[in-house]
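All chains are identified by letter, namely A, B and C, in their written order; residue positions are counted from 1 within each chain.
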Amino acid sequence: MNVPLLDIRGLHLDYNGKDGPAHALRGIDLTADAGEVIGIVGESGCGKSSLALAMTALLPRNAKVTSGEVRLSGQDILSMDASSQRAMRGSGVSMIFQDPMTAFNPVLTLGKQLVDFQRGTGLSRAERRTRAEEMLERVSLADPVAIMGRFVHEISGGMRQRIGIAAAMLNHPKVLIADEPTTALDVTVEAQIIHLLRGLRQDHHGAIVVITHHLGVVGELCDRVYVMYAGQVVETAPIDTLYHAAKHPYTQALIACDPANLTQKTRVLPTIAGRLPDMRAPPKGCSFADRCPIAQPVCMQVAPPRVDLTSDHSALCHMVQP
Amino acid sequence: MLRYAIKRIGIAVMILCVVMLAMYSMVFLVPGDAASVALGPRASPALKAALAERMGLDQPVVVQIWRFFTSAVTGDLGYDVWSNRPVTDMILEVFPNTLFLGAVAMGWALSLGIALGCLAVVLRDTWADRLLGVLSVSFISLPSFVIAIYSLLIFSVWLGWLPAIGAGTPGDPISQIKAVILPAFAIGITWVGYLARLVRASMLEVMEAPHIRTARAFGLPESQIVMTYALRIAIVPTVAILAVGFGSILSSAVFVETVFSRPGIGTLMTTAVAKRNFPVVMGTVLFMTAFYLMAVTLADLLIARLDPRVRDAFRS
Amino acid sequence: MRSGVKRLTKPLADAFAPLMGDRMGMFGATLVVTFLLVAICAPLISPYDPTALDVTNRFASPNWSHWAGTDQLGRDILSRLIWGTRSALGLAITSVGIAGLIGLALGLIAGYGPRWLDALLILIFDAFSSLPMVMFALAVITVLGPGTGTLILVIVLVSFPGYGRLVRAQTLTLRNAEFVQAEQVMGASHARILFRHLLPNVVGPIIIVLSMDIPVVIMLEAGLSFLNLGVKPPTPSWGNMLYDGYTSLRQSPVLVIAAGVPLILITLGFTFLGEGLRDLLDPRLRNRILR
């Protein structure tokens, strides 16, 4: 049995705050194999950004992992020392950031940054430049040499995210994380970037993790999806199963709310009533219970079990049957 | 970059012309005329007339202004009323002393200030950081000439370690260094606190920026991140302040030089002002303004070099 | 019941906590208020007439009848210090106030009026602020002679560009704000827009800057008086006293030490207060504290 490239087991993460710790991640289990594209979907505040940071071991100072592991090719990156963690960033795991404008240093040329980011590869400066230029061409940018000499504010929006993708691919990472890759882009550019990411699958031999709140993006890009709510994975399934046979009430509500799924003209867009629970004091039962259309008394009192509906489809709910 | 440079220098020159005009027209604000004021109320009319002619006050106003402009551009700032020496010579004679003082003061303030600022960033949120913060703020509020007097009292009068007067003998660098220590300390102390806070604040702000997270995400070592990626942005406000600070240092120098009886622009000006010696005062002010404008323009150009966003914003 | 009271008072305590917890700011505020009170009550609390000579009792060290000793003419130092507070604060507040008003007016005009006027005013602002402050002061004093009036004029001339620029920047931002455009569409006159809308919004930051400048002005006045170019003796001014002390340093250090103390304390007070105020008003900090 192949060791999965990315294997997150039972990850619990707290943020220390003024009024006590906020439990941002409460027991995340997630795997990604080589050649797979997995999606992590959830609304703002569900913990997906924290998960992304945990995957690169870039957690802020006030974050504390209370239990669990993040394994990259079998090794737990959270228990590594700082220099090992640094060494694995870029080549072990790398990230495409949400806003390419702020992701790059404004006062250094893009070329310098792309060359610097290849630190630890052992290549000479000239070789790094060449590789950077090749990567820029790979993401369909014309005139890579000129771009190397430019600053990020001199580049148009659509091109910037392509450069972000090129940067992330530079060191052939085992796990490529795309954190809300299209959220900061306008619609026409979004389509191009999705097209580009799809095309990259052939070249990329590792795993890709796409984090987004946008179901449409997940549909276009991913093989398997994890749906997150309030720091937990509430459902996971292959993409087709999720769209046509989602079992968790939250997933069903999300799909129903997607404007792309509306079948009739309406003036009022559907929403999910209610709010996320306070992560400093999450409910002892199911987190979604107060917003769930099929909630029963047991849902408020007891934490829901993880039910395996098929070999690759599971949900965190009292009310589902295999 | 070149176009930006030309534009900045052009603006500086324009400002200088306005200042020159303002300075010279102030002479006409004097109650009475410049010659009488300089000589005092008991001068005879003949003496006043002679001085007036020498100062060119008998010419029509326009001619006077024109003459002033043209001669100033060629480096002739008029003549001292009393000694008849060219003002330019008098200035150039003492200016190196003041420049030396300013450079030493700025130098030590910068070194200590930046070091403390970076230290505060490393020790962020500890009691040491807070203590440094309070000390920095306290230092900012100390008036430099009071510090000058106090340090004169302590180190020269009571302890006798350092000289109380003068700039040392030319040709004897040890005496010159000894003479500059206390004045430079007095001037610099205000700046240490300010610079430390500035560096700390801008470094903290830059280190929170998303692009620093990117650099970390690609495994760059912290030292490279701090020195190349963060400091280059964080240092910009410091450079901006330096130029302005030089003007402030010159101002402090006026008082501190007087306290230590140190020959320099400061003492030159104060003695001239006391004697209502217009040409010297005007000439000195003009010279210092030109110098200050040059420092500011250079700083602006340096900033544009460090942060390319500045010159591109200027273009649009 | 107790929890109800707590629910009421907690938000109030939360709102004021930053300032109270900010010991530096409170300390500064206390100092400033003390000095203001001293200045106002000078005639009441001063033990002696500050100009009363007692030449037989020169250079007395601090003792029970003269808590801070006497100066080179036998005048009580403490009384002179107290009255000096009046000079310092009175001068500073007056000149900063006038400069502020001029800066406010010019800044509003520059920000709101036609482009060419703005360009002209900017040039004036830049020209005046490119002069090192003290040098400019000395130049004006040469022309007009030393004295309190000249001093006020100098300070006004040197300070107004800074306020003008600040007000101008604020005005420019606000000018394009939606509520201004709405007023314009409804046909409001320029005067109305300026006075009822722009002015109140612009006044806030400028008051803070004004209060931060007061210690600077006090130092400038003290410095110029120290050079005998400021307040004319025998009016007590800390700067004058520093000069007297400096020249008689060999005879007695008391005067020079005493004269420096209030200067340091008052600038310390204003600076701490300013820091406290700024921290309070910094929106990012406020969010963190009020959360």
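Everything that follows uses one rule, which is that a residue touches a chain if its C-beta (ideal position, glycine included) is under 8 Å from a C-beta of that chain, and two chains touch if they have at least 3 such contacts.
Everything quoted here is computed from the prediction, not taken from an experiment.
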Steps needed, at fewest, to go from chain B to chain C via touching chains: 1
Most distant chain from chain C by Cα centroid: A
Most extensive contact between chains (C-beta pair count): B-C
Rounded Å distance, chain B centre to chain C centre (Cα mean): 22
Centre-to-centre distance between chain B and chain A (centres being mean Cα positions), rounded to whole Å: 54
Between chain C and chain A, distance of the C-alpha-averaged centres to the nearest whole Å: 54
Residue ranges of chain B in contact with chain C within the complex: 11, 14-16, 18-19, 22-23, 26-27, 29-31, 134, 137-138, 140-143, 145-146, 149-150, 152-153, 157, 247-248, 250-252, 254-255, 258-259, 269-270, 272-274, 276-278, 281-282, 284-285, 288-289, 292-293, 296
Chain B - residues contacting chain A, complex: 209-221, 224, 228-229, 232-233, 306-309, 312
Contact set on chain A toward chain B in their complex: 56, 58, 86-91, 94-95, 97, 99, 102-108, 113, 116-117, 119-120, 151, 153-154, 167, 171
Touch list for chain C against partner chain B, complex: 24, 123-124, 126-127, 130-136, 138-145, 215, 219, 222-223, 226-229, 242, 245-246, 249-250, 253, 256-257, 260, 263-264, 267-268, 270-272, 275
